[in-house]
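The same chain A turns up in both complexes below, where it pairs with chain B and then with chain C.
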Partner chain A sequence: MKWFKKKNKLYLSDKQPLSTLGMIGLALSYVVLITWVIAILWPLFQMVVSAFNGKQEQYLMLNDNFEFSFEHFKYLFNETLYLTWVKNTIFIASSTAILTLTIVSFTGFAYSRYRFKGRKASLMAIMLIQTIPTFAGITAYFTMHSIIGSLAPWFSRQMMLILIYSGGGIAGNTFILKGYIDSISTELDDAARIDGCSSMQVYRLIIMPIAKPMLAIIALWSFIGPFMDYLLPRVLLTNPKSFTLAAGLFTLISDFRTLNQPAFAAGGLLTAVPIVILFIVLQKQLVSGLAQGSVKG
Partner chain B sequence: MKVTLKDIGKKYEGREEFTLKNIDLEIEDKDFCVILGPSGCGKTTLLRMIAGLNSITEGDLLFNDKRMNKVPSKDRDIAMVFQSYALYPHMTVYDNMAFSLSMRKERKKIINDRVMEAAELLQIKEYLYSKPSDISGGQRQRVALGRAMVRNPAVFLMDEPLSNLDAKLREHMRVELVRLHKSLGTTSIYVTHDQTEAMTMASKIVLMNDGKIQQAGVPDEFYNKPANIFVAKFIGSPTMNIVEGKMIKGKFVSNDELIIITPSLHDTERLLAFEGKSVSVGIRPERFESGGEFGDTFKAKIDVIEMLGKEKILHVRLKNDSELIISTPGHYKYVENEEHSFGFDVESIHFFDTETGLRINK
Partner chain C sequence: MEKKSIFLYDDIGNSYKRKNKYLLELYTLNAQIQEADPNGKKIIRNQIKNLKNNKKNHPHIIALGIFKKEEKNFLSALNAKTKVYRSEMDSSDSRKLRALKTDLFKAKEKVDFYKKYVELSYDAELQYEQSLIELTYLPEIIDLLIETRQELSAAYESRKTIDRNKEQLAKKKYSELKQIEQNRFKEGKVKLKEKKKSGLISEKALRNGIIELKAKRKETNTLNSYSIESKSVNELIKNKKYILSKGIKLKLKILKSNLSDVRRKTPIETEKTIPFYSLLTIPLPGLGQLLNKQYFKALMFSLVTLFIYFIAIPYALGYGNYQGDGISGLLSLAEGGKKIDKSLIFMIEGIVAVFLVLISLGLYAISFNDVRKTEKNIIRGVRPRNWFETASKIEQEGFPYMVSAPALLLTIFIVLVPITTAILLSFTGMDPQNQSKFGWVGIENYKLIALGQGLAGSVFWSILSWTLIWTVVATSLAIATGFFLAILANNDRIKGKTFFRVVYLLPWAVPAFITIMFFSIMFSPNGALTTVIYDLFNIQVQVKNDATLSRITLIFLQTWLGSSYVFLLSTGVLQAIPGDLYEAAQIDGATAWQKLKRITLPIVLFQTAPLLVGQYTFNFNNFSIIYLFNGGGPFNPSKYGNLAGSTDLLISYIYKLTMENQYQSIGAAITIVISMGLMLFAFIGFKNSKAFKEERL
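Coming up: the complex of A and B.
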């Protein structure tokens, strides 16, 4: 009680004290937020529980029967091509991330630092192309793949998928990275040039380390993309051995012959692991604001 | 190293006009040359051209008689201090200072010695391993200087390096920069819009306006022999009073006929050619004689008095409301709204041709 009183005496917040109406408003916001949290967490919770529940059969049942078991995970690893799917997805995702990051580095830097003919027009074009959904080009992708495939037989459908993902990513992310590099003072470039850097070195040694937070976000996004996307792999990939996680797991709930909903839940749970790992690795970069202090603040 | 600019001009891509035109300048070895001018006069462009950050449209840039127009910045043997300091934020102070040497594949031992030497001189040893974001503005300024120093360049370029510091620190750094220049003896080119910096630090001032050099010379000349009205008004605080008028019968008569000045003997000769023509007279605020028992005097009402301690700045109005600024010693007594007569120190009056703005008297 002593503490409570002491707190009451000194009003330390910089905001005006809440009126009654404000209190009600605050309570309402909390109600909304908490409902929201429940709406998000409850299905996730159910998924986790079902994944470990040995009592679940082919169909998911929401009841109190629970028995801890790894049965569904076993099913996933032994009866399905889960590990292949993981391998495929990680291959596609990391290739996409690396490709996107490399090319966006060049384009973002070039658009930010160089003045050339058609700079504005091409930026506008990139913006406009963004508005067309990727899926609209599906027939074009098929044609392109068959043409390239006839010339170079090793060009698989997965590679096509990588190109589609990174192609889409490069356009949008160029814009974002350009904006970020624009905010870095060009005096840093000048200083680096005088210190003896070539254009490539200016980017690699000066700009890239400063733009790391943005690059980390771009990497994360392009990595997550293939995990989330279902439509393109489903249409483009025909062989179950080449499926990505999303396409592969979907067979567990869509096809009567392979139906196993708890295994789907287990698979979904495991899918999150690589993303979480990447997130933890990049966390430091994501939150740091390195650009501070370069120029007088 | 001697830096020579021969008829240099600069036109930016997409602009109609030349930003700089016909710039001729010689900066001797070990000079401390200050390029002074109002914002937008092209002084930074000129510096960046010397640095090789901007291309040179026409003319020649010579370093010791070697043409440098096409030489990339890194091979010009220069170092530059930027207005924003431009320290690399992801590197420690030490790495910032060592960067240019390590880019040149210098040996680790040598780099370390040079960085330590510079750090010692600039007294930044304590925070060699902090990031630029963790040190104060004045300290960053020193680091930026240090980064330029370790290279041991032939020419030092500085682009308004003191403009981000507070007044006290600026005063201190000014002296320190001069001291540094004396001990290093490197040819320095310093860009600023602050006339105090120019007057106090320079061994040579170049005053620019509208993409042209208005006057180049030693600080003393700028104050006592301004080449034209622009220079006269730019240098000196408070600003020089300029009165427009005509030469009538060997005397200067202002347009409103309130001020009449009889020029000194050696000025009369040169003013002969301007009989009947428009002439402007420039008088430094501290060159008025108060009391005015002799010579030409004029009456004025004291409008506002600014008390600065060692001096008083009087803003006085003539009968037709035109204003003059007069500076007097601080212990003189004046009252606002008081009517007073003032005279001139005839020896120190500057005559300019109103049409061209050029100086008439020697």
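Coming up: the complex of A and C.
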């Protein structure tokens, strides 16, 4: 027993022992951190609770009556077009991701590996044009859609939305990918070229496999974008059947005919959970992808 | 390198002597005239005149004429001979083989013919040299082709006649060998594990060792498996098929590149001194390439001609438009048109027409430059590239243009056309009264905004000031909070870092529109937060009806949302700061505050600066939070008119103007004003960013 006591008294950490002031500081740190945790979790907790609370009526209220039920989820699936919205959003999101990835993988490669006329100027121009809010074009998008739609009736408003999302994402994503490809040694390309690879083969066999992590991040961001955006779907899509999640869920709290706040909480919860899981699992990659793009761009 | 030089030059500047004696004499005299005295000049001028007059009788020109005639005869004779040769060929040969044999036959004939004229003209020399190369390479390729075919058919034959019993035996033996190999692998593995146990090698070395053993096992197995006949024959067939498809192709490619190498090294001679084709053929891209004898290129550029004359120009003139009138529709804006004609459609189609014309002009320029460059090169002595060479050049140098073309097109039609529309729209009078037809009004809209007049312009300045306050306060607060939390949570002594990080990630991960809408619900008169505040402080707050409270709430809500992102970013940077920096500071006696100020802050700020700037522009245009929280309200008509609420930002104000109240033109004007501001902001930030300066060119 003596031996144990001795060990307890030994100070084994390589950090300096805390002074009283340090102790108070540490305690304060915990207080601040935990307060913020509560500030974040309380509203989210409220959302979860109200989504499952069968005692809630059309309006959400804070009350002590709680009865676990799936009533609001049932309402969501049976009375609203929630599943259609999910389908629409996934369609728009994945099309955007594919289109963006196809275009950007080429431009990123070209801007990183080739020194062509107008390269720097076009980079600058695209970057500046990008700062103009998408908003500026909204009046035109409407009319453009009706023009194209009259020529090609299959061209739906959702497709217009996909084109707008992809077109808007080209500049920024090209920058991020260019930065990443810049960090891949050009000796690899040179070796491949000496072995007889064409530009297309260098792109396909050398650069793309190495750039996969960044491509995945770009695809992910382009995929999540349409889930988060409210403005464009709200303006461009007019038929509730073609709504995305954001536009559709808003009708549950803004329109008196379809008002149902608990159902909104349920729908929000269902939408948020997969995305949150995705973010938690991939947080390191997502953040590093952002940081890389910024430092290089 | 002057035009009338007595030398010819190739691509890389090697000089060659002219073979055309007539031109040589002419240019020599031309060169002499510069240095001669007045008297001598006269004589030389006379000589030149004489020479030019007697061009037809010049021995070289005569010889050249004979050569041309002979060549014509020879070529027609060769054609006839080739036909005969082809008809006599074994019809069982494959088409590829027959084509190769024909080429070889032609090359033999050509060598004999052109040999005589090598000294006379570079054209003959080129033919001669190229045929020589074909003579050396083609037989080899033909032999390879025949041989491989024979081996392939032999292999097919032998596959049919494989002895079953032998095969069984071989298989049995192979499985025995496989077993032995497996045992060897196991032994090796056990040995490695023992070594690991006794601490001789590390965990990683063990793993690598096993991988190595596996590779060895696979290799030996594959090698052994070839003792089975069917397997080895199949492998052989695969190999020969590969040679037939890819191997022959590669050899032909080498031949082609050797041929073009000769082409590069053999100059061309022409009497032409001015590149006039390019000027003459400007209106018809493709024609100049045809005159330069670049047939495939000519075909490609004729597509350009088709695009220009059948799509771009008719569209610009108003044919094939949906409703508009091409470029002239831009000026008229459907004024005096039919009732269903819409000015906006006329404007957009006009803009599209302008862009089509711009693209056409660009294509004209590309074609003109191409023809001119080729022509100039011909005069200098460089032969125009044939398709094989052009293709490889395009593949290398044209690659970035080709792969960026889709991006460019998408950018033009999805970004540039709408933005141009917005710019033009801001100079028109599109308002609720003039929806379908409107005209140009000049800078009227900008005047309204600047002077703060009119229904829409009067509130511009007050909204702008709130937008600026909002941007600065909300973003700075979010950044400060996120950074502060990151430093606290990054303290070594804090336990449960993973927990904190996951929780702090949530506001960023949950889609913002959901949280904003939910907060909006909670702040409504009977909402959860209103109730909680009443319970705690016994005050009834009506956030959504009070302008100041709404604004403060919005700022805190944005802090809640935005700090998460800053927290994650700063955490990433903080973890990457090397610990020795702090140790060094500690040794030098720095206090915690000094360490924060001198090490942490500069590093984090420097690395995240562009993203933090992005946060400011993001919040300047943060439409969702304003619109979804309270629709820009509360409304206060005496101060903000009927169009805007007291928390409206410029962006949501524009939304209300354009989308909800149809004041499109003034909305566009405001958009342009703020876009200019943002662009300036971004330009300064971007230009000074380290990345852009360090960009290698």
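Just a few scattered comments:
The rule we apply is simple: the second predicted complex is superposed on the first by the 234 of 297 C-alpha atoms of A that agree within 3 Å, B and C clash if a C-alpha of one lies under 4 Å from a C-alpha of the other, contacts with A are read in each partner's own complex, and residues count from 1 in each chain.
The working rule: contacts are C-beta pairs under 8 Å (C-beta built on N, C-alpha and C of every residue); 3 or more make two chains touch, one makes a residue touch a chain.
Every value quoted in this text rests on a predicted model; they were computed, and no experiment measured them.
Once the two structures are overlaid, the count of chain A residues touched is higher for C than for its counterpart among chain B and chain C.
Once the two complexes are overlaid on the shared chain, A:R257 sits clear of chain B and of chain C alike.
In the overlay built on the shared chain, the residue A:I275 is in contact with chain C alone; chain B does not reach it. Contact with chain B, but none with chain C, is seen for A:I194 once the two complexes are overlaid on the shared chain.
In the superposition on chain A, A:I132 makes contact with chain C only, not with chain B. Of the two partner chains placed by the overlay, only chain B lies in contact with A:P209; chain C stays clear of it.
In the superposition on chain A, A:R115 makes contact with both chain B and chain C.
Once chain A of one complex is fitted onto chain A of the other, the partner contacts of A:Y59 are limited to chain C, with no touch recorded for chain B. Chain A residues 115, 290-291, 294-297 lie at the interface with chain B in one structure and with chain C in the other. Considering their complex, residues 15, 18, 26, 29-30, 32-33, 36-37, 39-41, 43-44, 46-47, 59-62, 103-104, 106-107, 109-111, 114-116, 119-120, 124, 126-129, 131-133, 135-141, 143-144, 146-147, 150-151, 163-164, 166-168, 170, 174, 179, 198-200, 227-228, 230-231, 235, 246, 249-250, 253, 261, 264-265, 268, 271-272, 275-276, 278-280, 283-284, 287-288, 290-291, 294-297 of chain A touch chain C. The touching residues of chain C, counted against chain A in their complex, run 322-323, 342, 344-345, 348-349, 395-397, 399-401, 403-404, 406-407, 410-411, 413-419, 421-422, 425, 485, 488-489, 491-494, 500-515, 517-522, 524, 526-529, 531-532, 560, 564, 568-569, 572-573, 607-608, 610-611, 614, 617, 621, 623-624, 627-628, 651, 654-655, 658-659, 664, 667-668, 671-672, 674-675, 678-679, 681-683, 686, 689-691, 695, 697.
Of all the residues in chain B, the ones that touch chain A in their complex are 13, 48, 51-53, 72-74, 78-80, 82-90, 99-100, 103-104, 131-134, 137, 140, 147, 151, 164. Across the complex, chain A meets chain B through its residues 115, 185, 187-188, 190-197, 201, 206, 209-210, 212, 290-297.
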